[in-house]
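The structure's right below; bear with me while I get my questions together.
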Amino acid sequence: MMSHAAYVIASYLVAALTVAGLVLWVVGDGRARRRELKALEAAGIRRRSAQTAGGDDK
Amino acid sequence: MSENSMAIRKLGDLANPTRFLALAERVLPWFAALSALFLSVGLWLSFTTEGDYQQGETVRIMYVHVPAAWLSMMCYTVMAVSALGTLVWRHPLADVSARAAAPIGAAFTFLALVTGSLWGKPMWGTWWVWDARLTSVFVLFLMYLGLIALNRAMEDPSRSARVSAVLVLVGFVNIPIIKFSVEWWNTLHQPASVMRLDGPTIDPEFLRPLLVMAIGFTLLFFTLHIAAMRNEVWRRRVTSLRRQAARNAGRETLAP
Amino acid sequence: MIALFFRDLKLSVRAGGGAMIGVLFFMTVVAVIPFGVGPDLNLLARIGPAILWIGALLAALLGLDRLFQAEREDGSLDLLLMQETPLLLTVFVKCAAHWAATGLPLVIASPFLGLFMNMDERAIGATMLTLLGGTPAITLIGAVGAAVAVALPRGGLLVSILVLPLAIPVLIFGVSATYAAVEDPAPFLPPFMILMAITLFFAVIGPVAAAAALRHSAD
Amino acid sequence: MRLLAEGLSARRGEDLIFHDISFVLAAGEALVVTGPNGSGKSTLLRVLAGLLGAESGRIHLEGGPPGFEHPHELSHYLGHRNAMKRELTVEENLSFWQRFLGDSPGGAGIALDAAAEAVGLAGITHLPFGYLSAGQQRRMAMAKLLVAYRPIWLLDEPTAALDAGADRLFAGLVATHLDRGGIVIAATHQPLGIERTKALQMTGFVH
């Protein structure tokens, strides 16, 4: 039964790692994007209007 | 007539990414806190309840395996609905949603595969069998990875949106196959015990932690999805601002 | 030279890069096999190493045709050719970067696919080791094909056709070393040493031949 | 330092592209190669860059730094294509070429920002190269000439995609390079607007 506990622990460990990886990716990605926006804003580039800036560049 | 234009404006408001960003800003902390709460209660429950007399300690793997597997399918359903939104209603956020969901879905499918494997080794004596349920989930995993690769390969999001939306919808065939594979084919994988028309057949002792974990995982998914959508909106904004910057750059410096 | 290595690495993970496609192709090829031969676990365990090797061989060839063609299309190849640094060093570094971006992920993915093939730990370890030793040879042989086909339109398929026959020795010794590790009577070391010798041989011959082909393909 | 070409001729397939071309360029001199399409301007530059073998004749350097057998090892070549990767940022592209090319003896390249400034595109080096317009891409490719020092510049239609303002800017860059004792060989349709140039009129063969 001891070896079975190892399987349980391993699966919880993998779950924790996967979730932690996802969270880190999302947070890190968000930080990086926010930094880029800040940098662009600091360079004096602004969106023409809220409407056109959905990302779909025409 | 005015009602009609009101409806159109409403739809337009929802489609407005700026609105979405404001909404995301408000709901994200709540979602994050709730999922943390549910997950910690679920973890506590899953380690304090009794083991199964037949499966022993390994039944605890179920508390992460089943929610992950459930999410792998739900995430794809979310993507399929988003794909419909892209193709039929041309909703600008639909593509953002589909794109943001793909890596999260891939991660949960990976989790379902690995935990299933870790459960299968002590129970069946092998890490992997090529039965209908396992194979179809593996195909789902490959589809997620393929979609991510497709999204990355195309530079212009507005053009890739439709292409990947079509692919997502075609791939949706796989979801019912996964769901009913355990009933249609005679497989090693045990049949569904929670999501049944005639009510769950599972013992309440196991059902309680399982449900709490499932709710926690689902909340976690929505938290991550909203955050990833927000990142995607930002990413597109950065892209369009950069293009604008490139257009502006020459003019100032070279104007006589 | 380090700059070239990191530039190529960056390019392969950026949008449209081939790093992820190779692994994905590898997984898909290996996943398709059980549908073809049936889900008999004993059979799969027996043919597993061979399938992993064939899958890795095909996946390693996938992005190779772009190795020099992409450089040629935007004019970078001209500049690489002009420098006083020996061209074969440039080619070697490009191969190293290509292997790190596409070959190494294959090696890392192989244990997982080994589990799918119901291979035991020994077989998985041996496959991983032989792939680690053998995939550089595939990249280096492929570089020659890529250099020969660089000026051709639609050279992609041609590269695979040119390279596959040359890669057969790698496949033979890679697979036989893996089986030698699993089955008792055959010793593991001799075929593995031959595999390493092939890799080292092509580490010398590959860049020289590719550099010569690149020089003469210029127009 | 003098760059000498003696009796150069080149062939593509069966066709003789040009025949018996000779010139001598001292430090600080420019050669402008003109001629109609197909007269072999690009081929001449590719021969000088060592990318094509000459059918006959030779190119050599007098009084150059020791250890360099071929003039093309001391040359920048700006061809029709920009040799920049669309996926990488301008900064990544330029810093790659700066580190990969290195400086030839006798000079030093300037910093990336200064080079971008010199082509009038400061402040957008963080953008991916693919985002720039054709003219901006061409100007960034010229910045590449500045980040690593090479005494000889081989320029093939350098100003093809440029507007008048960028034309003048580029003429300024070439003039600066000549002042520092560089050698420039440019193939072009349009006049470069540089004084102190020798001219080479390519006629091509009438078939």
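Letters A, B, C and D mark the chains as written, and numbering starts fresh at 1 in each.
Quick note on the criterion: a contact is a pair of C-beta atoms (placed from the backbone, for glycine too) under 8 Å apart; a residue touches a chain by one contact, two chains touch by 3 or more.
Treat the numbers as computed from the prediction; the structure is a model and nothing was measured.
The chain pair with more C-beta contacts between its two chains, of C-D and A-B, is A-B. Using the mean of the Cα atoms as each chain's centre, the chain most removed from chain D is B. If you average the Cα atoms of chain C and of chain D, the two centres end up 37 Å apart. With each centre defined as the average position of its C-alpha atoms, the distance from chain A to chain B rounds to 14 Å.
Mean C-alpha position of chain A lies 32 Å from that of chain C. We define each chain's centre as the mean of its Cα atoms; on that basis chain B and chain D are separated by 53 Å.
Under the contact definition stated at the top, the residues of chain D that touch 2 or more other chains are 123. Shared contact sites, meaning residues of chain A that touch two or more other chains, fall at 43. Residues of chain C in contact with at least two other chains: 15-17.
Per the contact rule defined earlier, chains pair up in contact as A-B, B-C, B-D, C-D. Across the complex, chain A meets chain B through its residues 1, 3-5, 7-8, 10-12, 14-15, 18-19, 21-23, 25-27, 29-30, 33-34, 36-37, 40, 43, 45, 47-48, 50-51, 53-57. Contact residues of chain B toward chain A in the complex are 15-18, 56-58, 60-61, 64-65, 68, 92, 96, 103-104, 107-108, 110-111, 114-115, 118-119, 121-122, 156-158, 220, 224, 227-228, 230-231, 233-245, 248.
Across the complex, chain C is touched by residues 117, 126-131, 135, 138-139, 142, 145-146, 148-149, 152-155 of chain B.
Residues 15-17, 20-21, 24, 27-28, 31, 34-35, 39, 41, 44, 115-116, 118 of chain C touch chain B in their complex. Interface residues of chain D facing chain B in the complex, by the touch rule stated above, are 120-124, 127-128, 130-133, 135-136, 139, 163, 165-166, 169.
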